[in-house]
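You will see chain A twice below: alongside chain B first, and alongside chain C after that.
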Partner chain A sequence: MKALRGYLLTGPAFALFAGLLILPLGLTLVLSFNVFDYNTGVDADAYTLDHYAEVFGDSYFYEVFFRTLWISALTTLLCVLIGVPEAYILSRMKAPWRSVFLILILTPLLISVVVRAFGWSLLLGADGLVNQAIQALGGNPVKLLYTPFAVVIALVHVMLPFMVIPVWTSLQRLDPLAEQAALSLGASQATVMRKVVLPQILPGVLSGSLIVFGLAASSFAIPGLLGGRRLKMVATLIYDQYLAELNWPLGATVAVLLLVLNLVVMLTWNRIIERRYKKALG
Partner chain B sequence: MSRNGPLALSFHALVVIFMLAPLVVVCLVAFTPENTLSLPTSGFSLRWFEAVFERADFLDAFHNSLILAFSSATLATLIAVPAALAITRLHFPGRDFLNALFLSPIIIPHLVLGVAMLRLFALMGVSGSFSWLILAHVVVITPYVLRLVLAAAVGMDRSAEQAAESLGAGRVSLFCRITLPMILPGVAGGWLLAFINSFDEVTLSIFVTSPATQTLPVRMYVYATESIDPMMAAVSALVIALTVVTMVVLDRVYGLDRVLVGKQ
Partner chain C sequence: MAFLSLEGLTKRYADVAAVADTNLTIEKGEFVSLLGPSGCGKTTTLQMIAGFVDVTEGRIVLDGRDVTHAKPSSRGLGVVFQSYALFPHMTVADNVAFGLLMRKVAKSERDERVRKALSLVRLDAHAERYPRELSGGQRQRVALARALVITPPVLLLDEPLSNLDANLREEMQYEIRRIQREVGITTLMVTHDQSEALSISDRVVVMEAGRITQIDAPYRLYEHPRTRFISDFVGKANLVGGRAGSAGQQEVCKVGEGDFQLSLRPEKIRLTEVGQGLLDGEIRTRFFLGSQWLYRVETPLGELTVVRPNEGSLPLEDGTRVGLVWSTELLRPLEEDVRA
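Presenting the complex of A and B:
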């Protein structure tokens, strides 16, 4: 009886997710094995491993995957280096500044990523404010827009809230008395950081890194608008295959690989976090 | 209580500038009287805002986005509330799987969902249909409603419900008069968060919209890849203003820090 009610209440959501999540993902997996010809299109009855062979055999795809990997890794690293101290500084602020600045730093999250990418293109353009500042300081104008630099900067801007949130949450659970006890027992500020604060916020840092890396690796609008035509990341590559080349099966292959890589990274990362927890408890 | 030193405060100031700079620049450029995006500008003008309101394509896209965000947030709330109540209160086989399934759009790249739905809609012959676009959005925003309603339902005191039940209240009146009012902040906050996320969504939408159903972010994305003039800044400034207004409402209804950071 209770089970029946459970299924009735979750039924509408399940129907929608079965039809518009599980089914299309399954169809895309099948599509990635379908034969494709530029003249006749997709042949849904013929299957092949050609697209996977092409992706794994062509250095162009390696280049794009490798670029996506290092850009996401660098973005994650920068988010840790900026987001963790910032969350710590925020947590030491007094009310009302604490919530004012927390909201100021987190609300860009809710503003369209297209708007934020456009803002960065204004700042980093050839006669943008950053180049004007460089020239005012006596330097030569630098090409910033349509370089990996622009993509990384904008990605850090978009992803930083995702790092600040989990670190902030774990800092909230931190007992300030533990810090004070360590200080009163003669530990230096650096030791307190290393031995008291960092171990306790590490799970937050790790889960923040996971979200940032996953979102950066599949980001589309930022590399699309700030990377230009030549600087492809996996997401813009898939977009090109689907909407410019019209080679859907090849695009589906790259999409399947992106999804699998994302899930593998997430699950491995989760394992690491769990092992850390066990170590800390045992 | 230890305080932040000057070094920490300068670092903090730089981070705040970094986070706000692109948004502030967009708003400044939107008021330029010139034809270029250069800053500083020579004066103040509303001509680019006027230009936006003369562009039928942008107005249509804005209209589409509003209807889309409103309908998909409402539908997502209608399916997420019963699902959240079932997940928090009833034990049934497959409950954890369903919970994970309903939250999974958060970790599946929108791009992958976009191409997957493009394929499905093409096979069904409904490419470019506005109704199917709404359903596609419902899938990606349901997790946001679900999370907030789950948090509200878990934290709620059940004794009022038990009292009403023992006094003979029926299921419908129990839900309408006791349960719903108690989880209402979570439901309303979830709806607003879903609305914002649907309104901003670009990656999935770019694959499943047609020129007739184009949403504002998609229109802006396409416009920004083709040409860049101050009108783009004016549209962006309007989007920022609209988002800020929605956020103020969200803050009044549910508390912005609770939405962004989770329960405190």
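Presenting the complex of A and C:
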């Protein structure tokens, strides 16, 4: 009786979860095996492995997947390098300023990614502010927009809060006196960071990097607007397959593969870190 | 020759002096307590000695070396914090080894010294545990071992026992004293607990509002409190008006009319038959403290607190009329309190 009530209470959440996540994912998975013909469209009753064969057989797909991987990895790395010190400084700030800066870090989340991407394209365009500045200083204009550089810089900008917040949370649990203790035992400030602070905030860095990597690898608006027609990432490739080529099954195949790849990378990363620090981090 | 001396040490935050013109000398091997209510500047003083707080004025001299502006890492002092401040991601042994690692002590010697330090605090069996797997008292011992293993010239203890429950606190008091004697280390402990300060220190320094108001051995401090505040803060005291003067060498006090405040410790008052004492009174309430009975007695001088040992006979009932008697040489004249 009690067990039944428990299931009933979790029912609404489960229905939401099933309806909005499991069902569409299942349909996408089924779709990726459906036969597709350019003249007749999708044949929902016929199944084939052709789309998977096509993806695995075409170097173009490898190129896009590889690019997505390294851009996401680089974005994650940059977010760690910028976000961790940022969170540390934030946590050491005094009362009024800390809230002010925390809000400053979070406000970008309130602005649409599309708007921010357009902002970057205004800055980085052939006639944008950056190039104007370079020319004013006597340099030659540089191609910035529609390069991986533009995509990475905008992704880092968008993803940074997702790194700062979990790291900041784990910094809150630190005993600041432990740092003083380390100093009194003869450690330099750098050693205190490396041996005392960093190991303790590693879980925050880990979850932050998982969020950033996952969001970057499946990001759509930024590569779409700042990568242009040529510089494809997996999400924009899927979009092309669905809406330009109208080849839904192939799009579904790429989507399924992106999901699998994302899961594999994230689980491996999680496993490596946890195995190394499980005992110490409890 | 003082081992650690504070000369006119002052710390000001904006216009407020947290510590003002503090002078203190500590001999080698001595155990000194800084006692005071919260906000009296005792912790700030300790933090200045440790190097965590900048000194506004004055000097700190350690073993002949001026360390007023030295970095905490170069002072080499052992510090034990109220929250223990252990490194939660390291084992007990690694925590203790940290200071030796920073000093680049070779592995074999390091292991040996960690082992010795852990056996000093009786934690040999817990070397491979993590701090979260230990009890409060055990964490406290780890913190002590970690501070002692680097053989610091001075050990600084910041409210080391205030996070422990009463029984454990008493046990750790003896433990800290035992270890301090065994190692012979010069120790400065900050505490707001007078019984802690009295029981384990060689000398107690009382601080009030950023200033030192009395420095004495525990017994002398208890028996001869200088001010009204100290007589109340260190132990219990009955404050009565009276006169104080001297007859020859002897200081003579008398209860009654007069512009002096006199302190009379509750256990110095004996109860006797009505009319037999210096004063008659009526017992208002009594409290059972286990080893003692505490009576509140209404007298013409006001309500007086009397503490009598529990000698196995039944106590006096509330409402009993009694006589109170004490020897007048136990009355202590008090000075006016310092103002913040």
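What we mean here is this: the second predicted complex is superposed on the first by the 276 of 282 C-alpha atoms of A that agree within 3 Å, B and C clash if a C-alpha of one lies under 4 Å from a C-alpha of the other, contacts with A are read in each partner's own complex, and residues count from 1 in each chain.
We adopt the following convention: a contact is a pair of C-beta atoms (placed from the backbone, for glycine too) under 8 Å apart; a residue touches a chain by one contact, two chains touch by 3 or more.
Every value quoted in this text rests on a predicted model; they were computed, and no experiment measured them.
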Given the alignment on chain A, is it a clash or a fit between chain B and chain C? fit
Under the stated touch criterion, which partner chain does A:82 make contact with: chain B (first), chain C (second), both, or neither? first
Report for A:199: first if it touches chain B alone, second if chain C alone, otherwise both or neither. second
Of the partners chain B and chain C, which touch A:231 in the superposed model: first, second, both, neither? neither
Quick check for you: in the superposed arrangement, does A:191 touch first (chain B), second (chain C), both or neither? second
Check the residue A:114 against both partner chains and state whether it touches chain B (first), chain C (second), both, or neither. first
Take the Cα centre of chain A as the vertex and report the angle out to the centres of chain B and chain C, nearest 10 degrees. 80
With both structures fitted on chain A, tell me whether chain B or chain C touches more of chain A's residues. B
I'd like to know which partner A:178 touches here: chain B for first, chain C for second, both or neither. second
Where chain B and chain C come nearest after superposition, their Cα distance in Å: 7
Doubly contacted chain A residues - partners chain C and chain B: 183
In the complex, go through chain A and note every residue touching chain B. 2-3, 5-7, 9-10, 12-14, 16-17, 20-25, 27-28, 31, 82, 85-86, 89-90, 92-93, 99, 101-123, 125, 127-129, 132, 154, 157, 160-161, 165, 168-169, 172, 176, 179, 183, 214, 217-218, 220-221, 224-225, 235, 238-239, 242-243, 248, 251-252, 255, 258-259, 262-263, 266
Sort out for me which residues of chain A touch chain C in the complex. 175, 177-178, 180-188, 191, 195-196, 199-200, 277, 279-282
Which of the residues in chain C end up touching chain A in this complex? 50-52, 71-79, 81-83, 85-90, 98-99, 102-103, 130, 132, 143, 146-147, 150
What does chain B use to touch chain A in their complex? 1-4, 8-9, 11-12, 15-16, 18-23, 25-26, 29, 37-39, 78-80, 82-83, 85-87, 90-93, 95, 98, 101-102, 104-105, 107-113, 115-120, 123, 135-136, 138-139, 142, 196, 199-200, 202-203, 206-207, 217, 220-221, 224-225, 228, 232-233, 236, 239-240, 243-244, 246-247, 251, 256-257, 260-262, 264
